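One structure, as structure tokens, below. Some questions next.
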Amino acid sequence: MIMERFLFPRWTNPFLLVLGAAIGGGGLFAAAMGGLLTDPVTLNIGYQPTQPVPFSHAIHAGQLKLDCRYCHNTVFDASHAAVPPTATCINCHSPKNEAGQTSLAAVQADSLNLKPIHESWKSGKSMQWIRIHNLPEFVYFNHSAHVNSGVSCVSCHGRIDQMEKVYQHEELSMAWCIGCHQNPNEHLRPKEFVTKLDWEPSDDFWKEHYDVANQEEFALKVREEESINPQRHCAVCHR
Amino acid sequence: MAYNRCIGTRYCANNCPVKVRRFNYFNYNAEVGVGYGVEAFPSAIEKANRKLQALVLNPEVTVRGRGVMEKCTYCVQRVEKAKIHARKEGRKIEDGDVITACQAACSTNAIDFGNISDEESVVAKKHADTRAYGMLEQLNIKPRTMYLARVRNPHPRLKTTQQIEDLATIEAHHGHGGHGEGDGHDEHAADAHGEAAHNDSAHSDEHHGEEQHAE
Amino acid sequence: MSDTNSEKIVHGMMAEFTTVDTLLSACRRIRDAGYTKTDAYTPFPVHGIDKALGIKPTILPWICFFAGLTGTCIALTMEIWMNGVDYKYIISGKPFISLPAFIPVAFELTILLASFGAFFGMWALNGLPRFSNPMFTDPRFDRATDDRFFLYIDAKDERYDAAGVRSLLTDTGSDYVSEVLEDNTPKEIPRPIFVIWGVAVAASVIPLLCVLLMRVTNSSQPRFHIFMDMDFSPAKDAQQVTSLFADNRAMRPDVPGTVARGQLIGSLDVMTGIDVDSLQAMNAPQAQRLVAAFMQDDQAAIADEVTDVAKAEDDKETPSVMDTTPWVTENPMTVDSELMARGQQQFGIYCSVCHGMDGKGNGLVNQRAQEKGFDTWVPPSNMHQDTLYSDKYPDGKLFSTISNGIRKMPGYAGQIKVEDRWAIVAYVRALQKSQNATMDLIPEGRKEEVKSAVDAAQKELQRQADEAAKAAAAREQK
Amino acid sequence: MSLAIPNGLDNTVERPGERAPLVLGNTNYHDITESVCQVAERKPSAGWVGGFLVAFALLQMLGLLIVYLIYTGVGVWGNRAPIFWGWPIVNFVFWVGIGHAGTLISAILYLFRQEWRTSINRAAEAMTIFAVACAGTFPGIHVGRAWLAFWLAPYPSLNLWMWPQFRSPLLWDVFAVSTYGTVSLLFWYMGMVPDLATFRDRSKNKYRRMIYGLLCLGWSGSSRHWMRYEKAYAILAALAAPLVLSVHTIVSFDFAVSQVPGWHTTIFPPYFVAGAIFSGFAMVLTLMIPARSMLNLEKLITIRHLENMCKIILATGSLVGLAYGTEFFIAWYGQVPAEQFAFINRAFGPYWWAYWTMVSCNVISPQLFWFKKCRTTPWIIVVVCIFVNIGMWFERFVITITSLSRDYLPSAWAYFSPTWVDWGMLIGSFGLFFTLFLLFCRTLPVINMAEVKSSLAKQHHMAHAAAEHGEAEH
């Protein structure tokens, strides 16, 4: 009878150490996983939807060196960098009529890939492009305020001119925005190079054009001259 | 108000001495599909009732969700737009750059809006006016919205002694601290703003003489 | 008592007492007898027993003190750094580092961490939790938490000798003295626990791999919104769709018959490049159609009215509309270096893709189209031909060409603003002039500069040509 | 081994040179163990089952109402501009106040060496924990977007990189209440460990023994352990004493730091703390008096205990009354018109009924305790304590709602009326409280056996010493 009395087995004592280690390790692992999972690098970067037409920025912006503004022509004037209307595509890709003629000088007029564009042109219905860089709607990002201050497209969108299929290259999280508003210096460049994604200043560029030693000094100078002091209060982005 | 940051403790509303804050107790946009369940998916927004959409919600401000505080933002969207516009043109905000919605709608032009840190602006001048007073100023809440007291008995020779004395004290007071408001806003230099409205309701000294509207 | 008991490890000897006083006197006796590895087990804290057994004071207060101090430091550092350094925000005029406001949280964290120190420190110093304890083997020991008092001498004590201890304890008045034996419960941690643990560790790698995969690969799925509050707005932004209008566009075109405020640049002449008054005098119906089309914001109709190209080409007898239209002959913008720079920039964006940066009609698009040999491609014009110079091709006509296109060239009215189109016109004129310019046209002051620049450019061109020739020769040899 | 105290002796009478016994009856250590353990070991009575079912049903109702609230929006309450804080905050402050008695009895009375605390501290501490749980529910669901309440925590968000605002009293409150809840829980649990070991050792059933064995962390009663345990207990008491005073102080900052007339007063911290102790003791007595007879604990929780608590209620109740008077004095003396109006409005405005209910329940009813008859008759104590509880709820109602409903601008005045959800949640919070309390009675040691035994040992020791002394004299 006495032996039936419940006693914790002797292994429970060393096991407590093992258990403690497991709980500690598990807790650390869970915290690290939580951090990793909610990290904007994990969540936000790399959204690459399939567009209705496989438009290649690598060919148009990269090889043909079309300026970003050829299509996104409102970027210096408006908060919104316009997605081009079908008409802009038709400038070079007008469809063939029954006689095999195109109304405008055209390339790839027969391409199957361009069919949705041609249909949109005929019907007058807009193309349903999928928006990639999509901030929550309580965020009011203004393109013109940034590009006019000399922040290049590449700072937020990456090397679009090398992307066959565009994807989100940066976090576009609030912490990321604040990081740049805190220290914008490295993102500033002369306004004429804002849309030149592959722009690399030559060694004596800064000396020659701006009489400063390097980009950092240029940034300080241009911030002083044009009073570029990005603010961090809520109403800058949220309304 | 940063609506997206508000979790709705309503503490600010309790403390607002002029009680201008209002709270979104319910999801007033349920009709257009911005809910907190399955309805919240964007595709459903289109299917949902279009009644509110037909009212043309302003895309330049957040359409408030449930559980956030609500306040007049002095049309921050217009202020920001004007600031960005002025920046592109390389100049400072001037009078007339920002027209708030209430100002645009006011049929008697009773409202002025502008940069109070710019001493040349209309609002700054009206703030410095002896007639300018703020609501519940005695609480040291430093309101940026100022009202103008009624104009009474404008002819000096018709003033009572009491009125002359009062005016002297008011002027002395303004001479000391009348421009204080703009000083604290260095960081927000460009958006420091204020209002000056002609107020046709009674001010404190009701018993003094005639009243006349300052139109 | 079975045989196995004799093989069991003996931990020590315990004795049971019924009153505090007998326990205390027994404690004193064994202390005086020189035993140090001793302990008493009581249902409540017996005062004076630490002296009776010779137990040293604990360091627990120090643990608490340092834990509390850590709490204060963490709180103050956190508050000062978060509100005073990392993210400064003006709140009702309080200073960023507002010590009075930081006190409550610092106080609370001090108490919290000190309490943790006391609580966890106490258990750690006591070596608890410890579930298996040889003392519990004896069922009589259950009353140690009820009403009995036990005294224990450990076998590890230098003076320990079973018989002597037993007689000593019996001597102190205890009526129950017993050896404390190891129980015979299993000593090895059961294997299934390790298996489960191993499986759990292995399984935990899966989410880790998933997350790492998410970090390095692209996805066609948009970001996941955990809390959707206000992330999606019913208000329509630029270029969004809506079911409210038949064309599904949320952006509305201008109301027909109106020009939006601020959108009329100069006059109709500026907007079309046509001297509308003269046109009215010459061909009133056309002028009216043009104005009507313009007011309707009907780009196609405007283009038809302005450039009836097909008619012009088919019917060689009647002069083309292009020729008869009274074009504006002078650029209505103030032509200055700013306008030129603007024109150069806009030309670079929109025109150079086909016409080339030099306007000779060989832009990158043309090059690629030629290379690929599309039959639908028509090479763009070279701007450096005298039919396109301003005497034969007035500025207004050039403006109109940019706006509405000509032959196989599309119109750019939708993409380029009116002022910018005029800027391009001005720049094209300059470009044309530059091709056949002589040194005489250059102001005296800058002649040297230009000359050296031209020389350098020519040298560079020569070098490039030589290189190309060499490369071609090398290719041929191969 | 029994003590020579005749059964039924009146231990409320003080005899010079002699301490009145705190434990009655022919008691020895084992009797104490038995009488405490029988509460959890015997089969539940019909009364317990009935009470539990009612409380649990109310708890379910609270849960459903919370789901309804979160699904629909906080507008289901009666809160309307300008009364942005309504019943939820009244309930929060009320429950936080209730949650003060336990730790106060445990900590402050421990530090003052008030031996009589030993019989009541466990249940009072448990009550503290449950009241703080009730209190914690309300601010959590009170915010407009409860699912984002975690933004109050200073955690490093990789997405936002924003920090909470430490200059706001609301954040102090978050830290104060959560620290208080945590430390009270630790204190309560630590005090319970030796008694849980008693439960373990009395268990007849293997699983019961295993569960209590795990809960008591392998407590063996070793003297070395006891020594560190007592030290830790003393330290926790010393830490909890300022903590308990700070909690309601900080809760009062929510009001005092604001600028609403009637809230913005420096008297709030001491006034809130006194009120909290007052209401906490009233709640302890309301629960203890029925519980001691239902659980057969009259010998351990004696009339002397009740009387002592009544004295504290009398003292704190009078303090609260003094505070009410002081508020009016300061409003008059401070000469701020808005403040003066706020207090006149409290007493004679539209909420006069709430104000006078508060005054009569809180200030007048405890005055009965000047009479010994009243403080030693259990049913009178219960009645007075229930009145005090009602009064203290109304105190929070008066402070929160009358001040908000009429502040500076008459254009923004309104009259508050609660909705059925407000009523449901108030009642449901009692469901949560009683569910937890009834579960506690059945599963955990309701009285601190080790401490009672310890004080019994002291009594015995003193009696022994007195006897020896007497012998020596003769």
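Each chain carries a letter (A, B, C and D) given by its place in the written order, and its residues are counted from 1.
In the analysis below, contacts are C-beta pairs under 8 Å (C-beta built on N, C-alpha and C of every residue); 3 or more make two chains touch, one makes a residue touch a chain.
Keep in mind that this is a model prediction, so the values were computed, not measured.
Engineer: Can you check which chain pair, B-D or A-C, has more C-beta pairs in contact?
Structural biologist: Higher C-beta contact count between the two pairs: A-C.
Engineer: Taking each chain's centre as the average of its Cα atoms, which chain lies closest to the overall Cα centroid?
Structural biologist: The chain sitting closest to the overall C-alpha centre is C.
Engineer: Using mean CA coordinates as chain centres, what's the chain C-chain D distance in Å?
Structural biologist: 47
Engineer: Hey, how far is the Cα centre of chain A from the one of chain C, in Å?
Structural biologist: Computed from C-alpha means, the inter-chain centre distance equals 9 Å.
Engineer: Based only on mean CA positions, could you tell me how far chain B sits from chain C in angstrom?
Structural biologist: Going by mean C-alpha positions, chain B sits 35 Å from chain C.
Engineer: Scan chain D for residues touching two or more other chains and write them down.
Structural biologist: Those would be 145, 148, 161-162, 168, 213, 218.
Engineer: What parts of chain C, by residue number, touch at least two of the other chains?
Structural biologist: Answer for chain C, listing residues that touch two or more other chains: 87, 89, 129-132, 136, 229-230, 232-233, 235, 237-238, 241.
Engineer: Can you list every residue of chain A that touches 2 or more other chains, as numbers and ranges?
Structural biologist: Correct list: 5, 8, 39, 43, 136-138, 233.
Engineer: Which of line, ring, star, complete and other names the graph you get from chains that touch?
Structural biologist: complete
Engineer: Sort out for me which residues of chain A touch chain B in the complex.
Structural biologist: 79, 136-140, 142, 144-145, 148-149, 226, 231, 233-236, 238-239
Engineer: List the residues on chain D that touch chain B in their complex, please.
Structural biologist: Residue positions touching the partner: 71-75, 79, 81-82, 84-85, 142-146, 148-149, 151-152, 162, 168, 170, 254, 258-260, 404, 407-409, 411-412.
Engineer: Applying the document's contact rule, which stretches of chain C touch chain B when the two form their complex?
Structural biologist: Per the touch definition, chain C meets chain B at residues 90, 93, 228-230, 232-238, 241-244.
Engineer: Within the complex, which stretch of chain D touches chain A?
Structural biologist: By the definition above, chain D touches chain A via 157-162, 206, 209-210, 213, 218.
Engineer: Of all residues in chain B, which touch chain C in the complex?
Structural biologist: Listed in rising order, the residues of chain B that touch chain C are 3-4, 29, 32-34, 36, 40-42, 45-46, 50, 52-54, 56-59, 61-68, 184, 187.
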